[in-house]
Amino acid sequence: MRPALLLPEIVLFLGGLVVLMSGSFLPRTRQWATRVVAATALVTATVLAALALPGPAEMAMEGTFTVDTTTGVARIVVALGTLVVLAMASDEISGTPRESETYALLLFSSTGTLVLAGADDLLVVTVGFLLASIPLYGLIGIARTPLSAEATMKTYLLGALFGILLLAGVTLLYGVSATTSYVELTDRLADAPAAVVGTGVMAVLGGLMFKAGGAPGHFWVPDAAQASGGAVAAFLTTVPKIGAVIAAYRLVSMLPDTVAWPLLVALLAVVSMTLGNLAAYWQTDPRRLLGWSTVSQVGYLLVPVAVAGQSDLALPSLLVYLAGYTVTNLAAFAVTTAFPDRRDLHSYRGMGRAHPWLGAALVVALLGLVGTPPTVVFVGKLTTTAAAWDAGYVWLAVLVLVNTVASLFYYLRWIAPVYAGGEPPGVLTTPRAVTPAAWSASTAVVTAALSVVLGVGAGVLWSLVSV
Amino acid sequence: MVIDIAFWALGLVAVLSGAAVFYVDSMARATYALALSFVAVGLQVLFLQQNYVGVVTILMMVMEMAVMAVYMVMFMGMNPALMPMSMVHGNRTAVVVAVTTFLVLAAGILMVDWPARRGSPPADVTMALGESLMGPKMLVMAVVSPVMVATIVAGVVLAARRTRYDRFGDDLSRRPADDPQPGGVGR
Amino acid sequence: MTLEATLLIAAAIFSVGLYGAISQQVVVMVMMGLELMINAVILAAAGFWWFLAPDPSGQVLLMVVIAAMTLEMAMGFAVATLLHRERETDMTDSAADLAG
Amino acid sequence: MLSLIVFLPLAAALALVAVPRLGDAVSRWVWVVVAAVDLALVAAVWLRYEDPGTGRLAFEERAPWIPGVNSSYHIGVDGLSLPLVAMTAVIFLACAVFALRETDRPRPQAALFLFLQSVSLGLFVAADLILFFLFFDLSIVGMYFVIAGWGHNDAGRSAMKFFLYTFLGSLALLAGFIGLYIAAEPHTFDMVELAEQTPLAGSSLGGGLVLAAILVGLAVKTPTVPFHTWLPPAHTDAPAIGSAVLAGVLLKMGTYGLVRIAMPMLPEAWRAWAWVIVVVGIVSVVYGALVALAQTDLKRMVAYTSVNHMGYVVLAVGAAGMVADDTAQARAIAVTGAVTQMVSHGLVTGALFLLAGVLWERAGTYDMGSYGGLAGPAPRLATLFAVGAFASLGLPGLSGFIAEFQIFTGSIAAAPVTALALVGILITAALFLRALQRIFTGPTRGASVGFADLRPAELWSVGTLLVLSLLIGVLPRPLLDVIEPAAEVVVELVGR
Amino acid sequence: MTVMAQTALWLLVLLPAVVGGALALSRSDRAAAAVSLATAALTAALAVVVALARPQVAMPFMAGSDLALGVDALSALVVPTVAFVTLLALVFSTGEIGESQARFHGLMLLFASGALMTATAQTLPPLLFAWEVMGATSFALVGFWWREEHRVSAGVTAFVTTRAADVGIYLAAGAALAGGAGLALADLPDGSEGWRHVAAAGVLVAALGKAAQLPFSFWLSRAMEGPSSVSALLHSAAMVAMGGYLLLRAEPLLASTGWAAPATAWVGALTALLLGAVALAQRDLKQLLAASTSAQLGFVVMGAGLASVSGGAAHLVAHASTKALLFLAAGAWLTALGTRRLTGLLGVARRWPLVGWTSTLGLLSLAGVAPLALWATKDAVLAAALETSPWLYAVGVAAAALAAAYAGKVLVLLWRRAPEPERAVAEGHHDEEEQGTRRVGLPEQAPLVVLAFGAALLGLLALPPVGDTVARALGEEPVHPAPLEMALSAVVALVVLALVWWRPAPEPAWLRGWLGLEVAAHTLVVRPTVALAESLARFDDRVLDRVVTGSAEAVLGMARRAATFDDRVLDGVVETTAGMSVRAAERAGRVDGRWLDGAVEGVATATRRLGRLARRPQTGQLHQYYVQAIAVLAVGVLLLVMVR
């Protein structure tokens, strides 16, 4: 059974419970203590994961959960990513009545993400999906604004539909194989009717795409990114993807050759990246823009999934990309949470001159998302593209690059006003729009720097993820 | 033979009552129709030798429909049972999608060369389920409980406008609580 | 009582549910459509279990499906409440500000 | 040593950014001093340089970077890169001196240019494709901010166009790099190894496609017709020192990539497609010259002559791929000429753009018709501009001649059709003389009235560049001694 | 001794270059003249030294070839000529050039250095090097008075025209390298067959351009806008002459091709004839002298084509002295009277007798009057012509007659005692060019005397015994024109002079306009080029650029429009696609008419559709999301089922 192997997940969940409980007894202004608790849980989980990282791959819970390098990396990235989100939340959520609940839900969702990431059984995937999704609905709605209510409704209804489809897919796969465990599925699916396997896989993948925010389950992403709070938006466009994409990787890795899943995943990747990029073109709200941008990033993330098992680079490149994307995307969001009242690209006019460090962080983050060296996303993009090419998917590699060019434009649309002269058009009336929030600002700078450092130290990162 | 007829009949009931959900003109009736559909399916599940699951399904659904009826009366601010409604959009598209889906699925079901049965059902089905839950699939159930916790938390967060700080003050020291209806509803 | 029959009935219920999910405007009605779809999944899962794969994990699957159904529905009510409170509506069409 | 040269400016840039209390004057002088020190270091390297021989690099440094994809921090110089490194250091120093009186945010400007200097130097010493690409992309980013931040007119738009266009090119380049990487066995991004392996040899389709990707990427940066349309607006709206760096250093990255990457690593494809490259070169030469002839805006004119001048380089390296018996010497001469042209164009066009910047600063226009008789009030400007113009049109005694003579003799011998491009030197002569005539001669009128002559900082920075051009023109041996062996190596490699 | 001689050769080139460069850049006019004259004198001395010592030097240069200089028999003739004419022209200029002396002297010295280097170059790189330096400095010298636009234009014309011809040397260098001959001048004839022709053609074109032979002659006419001392040096002894010199130097190459030598000879002969006629038609002294320069260089070119290097060289040197003298004289009158119009110079020889007599000597030499210099040297060339072809000889003789005619035309004017009305007309022309000083100073007269000696005596170079020595030194068998021929030419000259005295020569306009060469060049080359350039520039701005920005903007514009665009996705796809096509077609029609072609628009439309589609699915309507998601999943299932 070996539940000890799941210690990081357990720590996160228990941390969430402690946060929830202690939050009930804390005065509104002293809820920061729960933040400390949550941070402690996250750090503990990170440490535990890091300690377990060098070990050999092991199966936990009767083969339903795998603890290997991938899981380990996912744990570290998720935990640290959530930690960064906590830092952003320190400005935005601190002192709100729902502060402790927010942290608890963040931790629950992180736990669910990790369950997804390590799942080696279709049923575990299912419950991981639920555990990752349900807290998200609460997180999106917690802002309690009309828009956030709308976004919650949409996210929820989409999530419910895709959850049902996921269940249906699992049912189909189970039906033709009489098992839900990946270990057994590989062989049994090979003999099963391909049409059923295909339908089941598509349905399960669909569910994971919802979680990852890729086509066709992407509809909620821009809405939620725009309407929810900044920290929450950062979280939901970043962390759940990690689990979902890794789950997708594990899923397709065990599939037999009887279904053309590489082509399917490749097409989903192309659709996601293209759609995300094109739709982001004329967005004016920075967070919605980032929301669409994450849709496109999922497309890039799916590229190594599409070539899973066909290139040695696939898995390490996926993990590097995930880590890099997490850091970089959080940096971009941190800039938006530093100026919660700047909800228009034009309102960033002159920001770079007034706040050079934040401006630099934004530039690094956005160019990083484009894939400019030496940020870590570049390394990810380079290696994923190389993996696609290596596996013979040259067209996919080319499309990734073409899309990168397409993406450049809207990122530049944001960068351009940041360094343009002059004052923003009369919106900076509130102090929150003038003075950057301290925690978010530091977070932005640190994560942007980290994005560069990881890129420069990509060798270390690479050796970590390819143990 | 009788079993077959009963099974088909239940199936028909399940489908038709399902369709009735969207045909009847009040939410309450829709709720009853849905419950009927679930009960029919639950019975079918019983036919398929899954006693425990079938019963659970029936019980859960009856409860849930009761909740739904109460919910609608409570929150919708109206008595939906009495209000005729036709709140449909994109009807044609929906019909096309649904019919196409059915046709595709049916075609698939009929054309696929389903594999042979693997093994046979255990002697005590419910026992096997319990052993599985406590054994190989423990993680599944272990995760379901956090999901429930999360659902409760998230549900409360979304549904409740007022927080503990609204009731007890920012330092949680106000007694008695400041409630719109002091002491709660049932008093 | 064959696998095909079970599955055809399940497919029919599924399609009806899908129709409802797509065509209904009121959130709760959409949820009902989704519930019907889950209903179909339950039937299909039970059918698969009996006719093809009498494995305990099939029953666990059914348990998960039922749990998922309840939990999702519970969330659904919460979300509907939220929507009603924040936007004074219970229709998906009336909450369509986020677009593009 | 090389790492120090590359990263010293970057370190200084970071220091400038990190210490906000530094005054403007201090920042400007820090910039000058760091650029000077860097140049001194480059000079030291030059003095200690010995030709490393085929397939090797001097002052090599290597450290693992991303071992998973066989990419390392691998740098070194040879006869192709050392002259460009030196030229880069010189141009940046000249820009630093030129900007000594800058008043518009000198501290970030200094930091940005030091950053660009690091990037440019890094590109020329890079011996790993990823490292090369890293610097290639960062140069675009840096230049974007230079144009957007300190440009004039429609700077934002021009900068964005520049960015989008050149970034597009860089991604084509990246695609080509990945292709090389995948084709190499074992997979590697190391330039030296790739040149040794010549992956894709024997695969004409694959080799052709990878070469096409690399060529498009480099052609955009170079730029050659028809990928040049970003250049005129970028130059017109860029600040003087930005233009100088853009034309002097950044454009060379494209042509440097041709001799450093495309030719040695894809010799077979290069030979197969050499005629296309030659044609593109000829078209660029003639087209660039003709369009420049029609310009009335001085900076646009010089920008188009850059298309023309870089066309000579493309032409020469294309001709070097026309492998035939007995032309090895000629082709080596062509390549030598190409590298010399890179250096020469950097110095000369850099100087011309700086002078154009003086016009803008004093009178706010580049329109040649607005001036006239400027030699009267500004004799120093006139003299330097005349020298620059003559250098640019390839007058003997100045570096352009050394380059163009070798390019033409070598290319004509290897590919007689290149003689068509001789028209280019004629048209450039005409257009520069016309420009001189319009701006500097005749009665003093229009914007020329009350024009202040060059200040010492301007004089020294531009003068240094032109003196170097003169030195190369008169005593080319020190430069050619470095380039020639490397050019022979390239020709040998491309002939494999 | 060798080391000293080699040093002298280096110094010969470097000294004027360095001093000239320094002077050109400095602006201290006071010491300029002195420094410059000292340098020129030293250079002249060095020229004599190297002419006697015949050193060879070389240093590594480029393109696998040395920068090799050397003095052989031919250079030994030319180098001192250039050096001395430079010195004399500079002396003269101290009287002519008032302001910017430093710049003037600097440029002149730089030019002299270029000319000396040309004359001593042994390989193509230094030859081209010096060759183009001459071109550039000539531009600067012709346009020396830069405040007057037409003078600068003249400089531009001169430079661009000669550079057009210079392209030939680039070509020749490429051909030499390709032919395996290497870049040494002496080795050029060894190149492989095909490339040798190219090399010969290249050299020929370049030389014809510099020597102002047909069809390039017109630049020389424009170059007369420059100061007279510039004309004296550049357009008699140095630059123009260097064209002829190069042909003499490349004579073996020309001969080795079979066609180049006769072509050269005929071009020379025709230039001598036609430009002689042009000269006769001129009404402006400097223009007349310029045309005459072209014509006289025609004899040198003829000599090169006829393998009469000694004759050509002798004519070159003699002509240099003569023509420099005449240009200086013209300059002296121009400074004094402010006119160069022939009618304005009526009887001017009487006013300044020294200038008058020396120039008379020069004109007589030009006319071919025995026993003056050009009579002898020209006959040496004509003798070679007679050996080759009587036709060539006939043309040559006709050209000689024309030379006598235009020289006579000037002579008559210079000495004529005109009646009062004509004198008034003449005086009316005074000061029309510039404000005359009405005096001719000593610095302006002294060089005339020296040059007059040359004009009188340099014929010895073509006459035995000196001529034989020269010929042998140049490696030829001495050819002696038959006494009859020499007598004939002398008689012809005298007869023509008499005729001209008797009756003024006709001055047809087409000849006066230099055969319309410049107009032709403008119409045929310059204007089309500029028109092409302008249309290309328009193309560049409008089409090429807009293809890029246009397609980008189209995508973005449509994406923006899509923001306000909302309708049912699946229901409306067919409808909208149709509508879009129609709109696209309309737009295409509209746009096409303006600037774009269909292909570009096609690309833009396609991308535009994508941009529009990208935001359309995000309708905000949940049920539409459902439909889309189901549709995509269905397509995915289909894909998985279909594709194996």
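All chains are identified by letter, namely A, B, C, D and E, in their written order; residue positions are counted from 1 within each chain.
Going forward, a residue touches a chain if its C-beta (ideal position, glycine included) is under 8 Å from a C-beta of that chain, and two chains touch if they have at least 3 such contacts.
Fair warning: this is a prediction, and the values are worked out from it, not measured in the lab.
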Chain of greatest Cα-centre distance to chain A: E
Identity of the chain that, by mean CA position, is farthest from chain C: E
Interface ranked first by C-beta contact pairs: B-C
Per-chain Cα centre nearest the global Cα centre, belonging to chain: D
For chain B paired with chain C, centre-to-centre distance based on mean C-alpha positions, whole Å: 7
Chain centre separation in whole Å, for chain E relative to chain A (CA means): 71
Inter-chain centre distance, chain C versus chain D - centres from mean C-alpha coordinates, in Å: 64
Centre-of-Cα separation between chain E and chain C, whole angstrom: 91
Set of chain E residues in contact with two or more other chains: 552, 562-563, 615, 618, 621-623, 626-627, 630-631
Residues of chain A engaged with two or more neighbouring chains: 123, 126-127, 130, 134, 137-138, 141, 144, 152-154, 157, 161, 176, 178, 181, 195, 199, 222, 279, 409
Chain D, residues touching no fewer than two other chains: 164
Those chain pairs that satisfy the touch definition: A-B, A-C, A-D, A-E, B-C, B-E, C-E, D-E
In the complex, chain C residues that touch chain E: 18, 21-24, 30, 92-93, 96-100
Residues of chain A touching chain D in the complex: 313, 316, 356, 360, 367, 370, 372-374, 378-379, 382-383, 385-386, 389-390, 394, 397-398, 401-402, 404-405, 408-409, 412, 416, 419-420, 458-459, 462-463, 466
Contact footprint of chain C on chain A as seen in their complex: 123, 126-127, 130, 134, 137-138, 141, 144-154, 156-157, 159-161, 163-164, 167-168, 170-172, 174-181, 222-223, 226-227, 279, 283
In the complex, chain D residues that touch chain A: 17, 64-69, 108, 130, 133-134, 137-138, 141, 145, 148-149, 156, 159-160, 163-164, 167-168, 171-172, 174-175, 178-179, 181-182, 187
List of chain E residues in touch with chain D within their complex: 25, 27, 59-64, 125, 128-133, 136, 139-140, 143, 146-149, 152-153, 155-156, 159-160, 163-164, 167, 170-171, 173-178, 180, 183, 198, 529-530, 532-534, 536-537, 540, 544-545, 548-549, 552
